[in-house]
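Below is one structure, written out as structure tokens; the observations come after it.
By written order: A, B, C and D. Residues from 1 in each chain.
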Amino acid sequence: MIKVGIVGGTGYTGVELLRLLATHPNVKVTAITSRGEAGRPVSDLFPNLRGHFDLPFTDPADGGLDHCDVVFFATPHGVAQSTVPELLKKGIKVIDLSADFRIRDITLWEKWYNQPHACPELVGEAVYGLPEVNRDKIKDARLIACPGCYPTSVQLGFLPLLEKGLVDTSDLIANSASGASGAGRQASVNNLLAETTDSFKAYGVPGHRHLPEIEQGLMDIAGSPVDLTFVPHLLPIIRGIHSTLYATLKGTALDYSEVELQQLYEDCFKDEPFVDVMPAGSHPQTRSVRGSNTCRISVFRPQGGNKVVVLVVEDNLVKGASGQAIQNMNIMFGLPESAGLEAPALLP
Amino acid sequence: MIKVGIVGGTGYTGVELLRLLATHPNVKVTAITSRGEAGRPVSDLFPNLRGHFDLPFTDPADGGLDHCDVVFFATPHGVAQSTVPELLKKGIKVIDLSADFRIRDITLWEKWYNQPHACPELVGEAVYGLPEVNRDKIKDARLIACPGCYPTSVQLGFLPLLEKGLVDTSDLIANSASGASGAGRQASVNNLLAETTDSFKAYGVPGHRHLPEIEQGLMDIAGSPVDLTFVPHLLPIIRGIHSTLYATLKGTALDYSEVELQQLYEDCFKDEPFVDVMPAGSHPQTRSVRGSNTCRISVFRPQGGNKVVVLVVEDNLVKGASGQAIQNMNIMFGLPESAGLEAPALLP
Amino acid sequence: MIKVGIVGGTGYTGVELLRLLATHPNVKVTAITSRGEAGRPVSDLFPNLRGHFDLPFTDPADGGLDHCDVVFFATPHGVAQSTVPELLKKGIKVIDLSADFRIRDITLWEKWYNQPHACPELVGEAVYGLPEVNRDKIKDARLIACPGCYPTSVQLGFLPLLEKGLVDTSDLIANSASGASGAGRQASVNNLLAETTDSFKAYGVPGHRHLPEIEQGLMDIAGSPVDLTFVPHLLPIIRGIHSTLYATLKGTALDYSEVELQQLYEDCFKDEPFVDVMPAGSHPQTRSVRGSNTCRISVFRPQGGNKVVVLVVEDNLVKGASGQAIQNMNIMFGLPESAGLEAPALLP
Amino acid sequence: MIKVGIVGGTGYTGVELLRLLATHPNVKVTAITSRGEAGRPVSDLFPNLRGHFDLPFTDPADGGLDHCDVVFFATPHGVAQSTVPELLKKGIKVIDLSADFRIRDITLWEKWYNQPHACPELVGEAVYGLPEVNRDKIKDARLIACPGCYPTSVQLGFLPLLEKGLVDTSDLIANSASGASGAGRQASVNNLLAETTDSFKAYGVPGHRHLPEIEQGLMDIAGSPVDLTFVPHLLPIIRGIHSTLYATLKGTALDYSEVELQQLYEDCFKDEPFVDVMPAGSHPQTRSVRGSNTCRISVFRPQGGNKVVVLVVEDNLVKGASGQAIQNMNIMFGLPESAGLEAPALLP
């Protein structure tokens, strides 16, 4: 059994790791840390875990992580940076769900996250944990930077078009919407039910921290600079990201029929265990991936115009965070890639 | 025009007072205070008020309330106590939406609210602002203690039964459920959308602060001691209280048919502008009173047993708070009781 | 008092007309027709109207509409066509909330609505009831074709840009999302709460009936052909449309700063009673217009790129349907344009 | 592998059986029937099953069920009655999720279900599939009548009190609330999102079909007649039942402290894999059992009065239907009782 530690288990990505690992056949969670909740059983905070975990939170200073084979960081950005180096030195692999190691350009990271980076020397080594792009590198990685929730959906949606160079990379639009769990489990007025349910809004239009991450990823895929307009929205739902992507076909790609675009997507993802290209003409719903690691995608060329519209859904806490982290772990440890991730989504 | 001041306008009862007063024909809001938000336009905090109020929040120390005819307190409990006396001295009427003057037994108040009462001498003068019970006293009052949201629904629902002495007062049950706006506009983890939507729970079963208020009100109506089991629940909706009341018919009341019970309720409330007894057999929905000051009631005697079941719905922010406060103001100032409260509920 | 008739009062736009007209100072609703519900009080179907309307539904054949000054059609498309001519002959004005008279190109209408048009001769006379564009024509109209819900939001959002010719009309995108009341009050599996809440999806990507209507409207404003990609989405909320619009600045417009764009929007709508340009940098929420006739708009130029992003919110049942219909009536009858439409939105 | 057939797989209990069986280690679903959808892949109707089941619906007349070891009926009441006898004759076990075999008194069944019973001779043989009460009988049963969703929660909640004879059986109240999936996947106006979300109501107060089933079950436990007032409510959530139960302590039971009541509940359920007695003072939330077969219970004696209040939550589609059905199957086939039912609830 692989011994797993979790740092920062009081947020949504932490409890989601535990929920998924509870039925993982090859894993035992041996430590979960939280300064604020040390001593309290995790199932006290998250009653869905009653009967599944007896584990209490422990103080990170207590050394409980030392005996782990792999440690997940489910912490706010800025935390992993300072602890990761010593874990790596002890031979422990690290999968970081925060933004600390996602962006290779340190200056860019420091600009968007508004703080100095405490561990720039490891940024180059960190592998960006999007298996559909980097599976081979993940196998041998010591340190994984798990993609953000929005970035996962946008990169997977644009992937086939950019790989083949079919669209104008200077004119990409990602109109995304996320459930409220994406804002985390912090006390706030803005995310109260009475403030957010039965309503909808955009936010962060001038600039969102996921923009540079998405642009870096799209550039890696396209092999050329990209220009992305990214507008996130807040949905009055718990889980789920829906990205509606717009791109302009260019050159000979203007000859692609909708049928050929469909084929392109099916071919691109045919061996992917967690990307499901929907039948032509269908529209994916976020509920169809609720609680599962699957990302579902549809592709359209509306009215035969020059725009391609791609619809992508994922569960922001699973394929957008904790499920993808476990998928990375499975790859790193040579396990079946779907281990622990095989349950269907909860519908209705 | 009656000059109105509002103390504590940054919570939900404050913005609801403003929403309702915006179309009141006899009123001008001249001051709204908030220490924390002084100088900020109210419409900045509550965009629904853009174009309706130019007013900024002012510091309560600035004296803006001195020129008012009436001041509403939309504050947490404990605040009104210390300011009310000097307003009354200046001849300003006060309508307090908080719990400060609701409970006549000071010791009981201090036990449930866990603090000394700063102004016990005014508690006896304060009129409990439930017009269906105290309309005449309200006319001449200087100080109104507006009923709580749950207490309004429970008292109105039991009123006809207790007035006529038809039920066993030692065996009353109020199973109530409230929308999340009842918890106020304070930052909290427990009331996040991601924690509360698509879920339901009871809370405060061992004891809720509205229990002594309800019991006092029911005793006033019944003229004898009552024993109430009160269980509040949290609904994943914004507005609305639904109370399901259970009482046991006693003595000759066991001969009351469901038709007679229906008639009893219709007679009791036939002159009430804001209590609507629904047609026999129908079940009121909270959405049917969303945004309106109406309370809708149905009465049943299921399976011909000895239990009466009463269903009551109200909007916790309107009849349960700000609308009822305005209804009180209308009565105090000799205005038509429905002034400013005539719009139908928002359905769907 | 203006005598108002409503045809088809059992759907959401019908009950919304009644809700708004209940407090309109210059109007009396004298007839409301429904074949299926003739004889049943409207307040039986819509309990929020109890105490506001005693009116029963009547059979359209009963002639109740003959004494009206104006008749609203709140019917599915295809119904108004056959009845409007005889009403007009009797000197009764008509405001049609359905799609029957919106599209001037009959062939285009017949293609998208998949039926022959029964009254093409009146299509040319009908005035498209978007006051911000056609106020003068509305004043003298006998027949108003009220804009669709999505089309209202998209046209108002693009209006300032197209009027000034600042953007590439061959590259417009409207990414819109609507609450579930937009799908109407018809029995269906797809719109059950258990199928739609806590979920989100796009629909109609290959083509939606509002596309030709929006394109016609945008062309009228721009004075030149336009190419629009329109993707509607279904929100798990009751009311509200949010449109996120994307356009590409062209020519000298590339020199417009975000401040100048803000000024452009404020100038364009400064005399409009129902269009509110939000302060720079703010993001409108659908709840800020819930139940009100206001449309709120924000404009951005993210990251200084060549894209303009416009955010528009409206209540689909008010500014997107019944409220706009009443605004048209007010203009037609020389009433204050805001009569009956002055209440603030319901927030929270 | 046990070969499983499902009759009526197009409703919510059908898809839920499939979701749960997808990861069951000892089972293979070999047939799923639907007259209306014969030939269509189940994953076409329920996209969460894409990649998990290739199976198409088949016509029940096609004989696909003949090779099954066990057949689940996820059908409306009245359907199983006519098919069950011939399946039993073929040696196939049957687990009926409908109401057909739940009520032993045929006359009572016919009164509440308003039709003649087609198979009264099997009613006596059918075992009521509540494992916490009937585990031993289930082991040897050929035909299981799975309890209804409300009845499961009410019986489990009252079980310890009735077994010990602590409460007045003539004065039991069950105030229950269910998510909208309980109303099934049928087209209807009343269950549209726009009609039900952001609202709450009671229904069926005069009488609900689950009343005789609950009363029968409580009588079996108590060994004496019971009188129950049962009021169901509709929650604007997808899954989840919350029952708030009220009973009056009698005789020496009035001496039970809250601590002793807590102990009573913990002792009663200590060996039950799917009943979780919460820590004293805590309030269970429906989300804590979302998607899981667990039922969580809390017990209170508020204000030291003579009422016991019991809070019970379950997922109506799992412990209230399909999960319980699988639990029964596990017991019937000698499998570990938790097989296929071990995943934690989905929270948040």
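Basically, a residue touches a chain if its C-beta (ideal position, glycine included) is under 8 Å from a C-beta of that chain, and two chains touch if they have at least 3 such contacts.
In this text, all values refer to a predicted model and were calculated from it rather than measured experimentally.
A.B. asks: Given the two chain pairs A-D and C-D, which is bridged by the higher number of C-beta pairs in contact?
C.D. replies: A-D
A.B. asks: Taking each chain's centre as the mean of its CA atoms, which one is farthest from the centre of subunit C?
C.D. replies: D
A.B. asks: Could you state the distance in Å from the CA-based centre of subunit B to that of subunit D?
C.D. replies: Computed from C-alpha means, the inter-chain centre distance equals 38 Å.
A.B. asks: With chain centres defined as C-alpha means, what is the inter-centre distance between subunit A and subunit D in Å?
C.D. replies: Once rounded, the distance between the two centres reads 36 Å.
A.B. asks: So, what's the distance in Å between the C-alpha centres of subunit D and subunit C?
C.D. replies: So the centre of subunit C lies 46 Å away from the centre of subunit D.
A.B. asks: Could you check subunit B for residues that touch two or more other chains and list them?
C.D. replies: Residue numbers touching two or more other chains: 12, 181, 185, 194-195, 197-198, 236-239, 284-285, 287, 290, 348.
A.B. asks: Mind listing the subunit B positions that touch subunit C in their complex?
C.D. replies: 12, 15, 18-19, 22-23, 44, 46-52, 181, 185, 197-198, 238-239, 276, 278-279, 282, 284-285, 287-292, 294, 296, 317, 342-348
A.B. asks: In their shared complex, at which residues does subunit C touch subunit A?
C.D. replies: Touch residues, subunit C against subunit A: 171, 173, 175, 177, 194-195, 197-203, 205-207, 211, 227, 229-231, 233, 235-240, 242, 244, 246, 248, 281, 283-287, 290, 298, 300, 302-303, 305, 307, 309, 311, 313, 348.
A.B. asks: Can you list the subunit A residues touching subunit B in their complex?
C.D. replies: 12, 179-181, 183, 185-189, 191-198, 236-238
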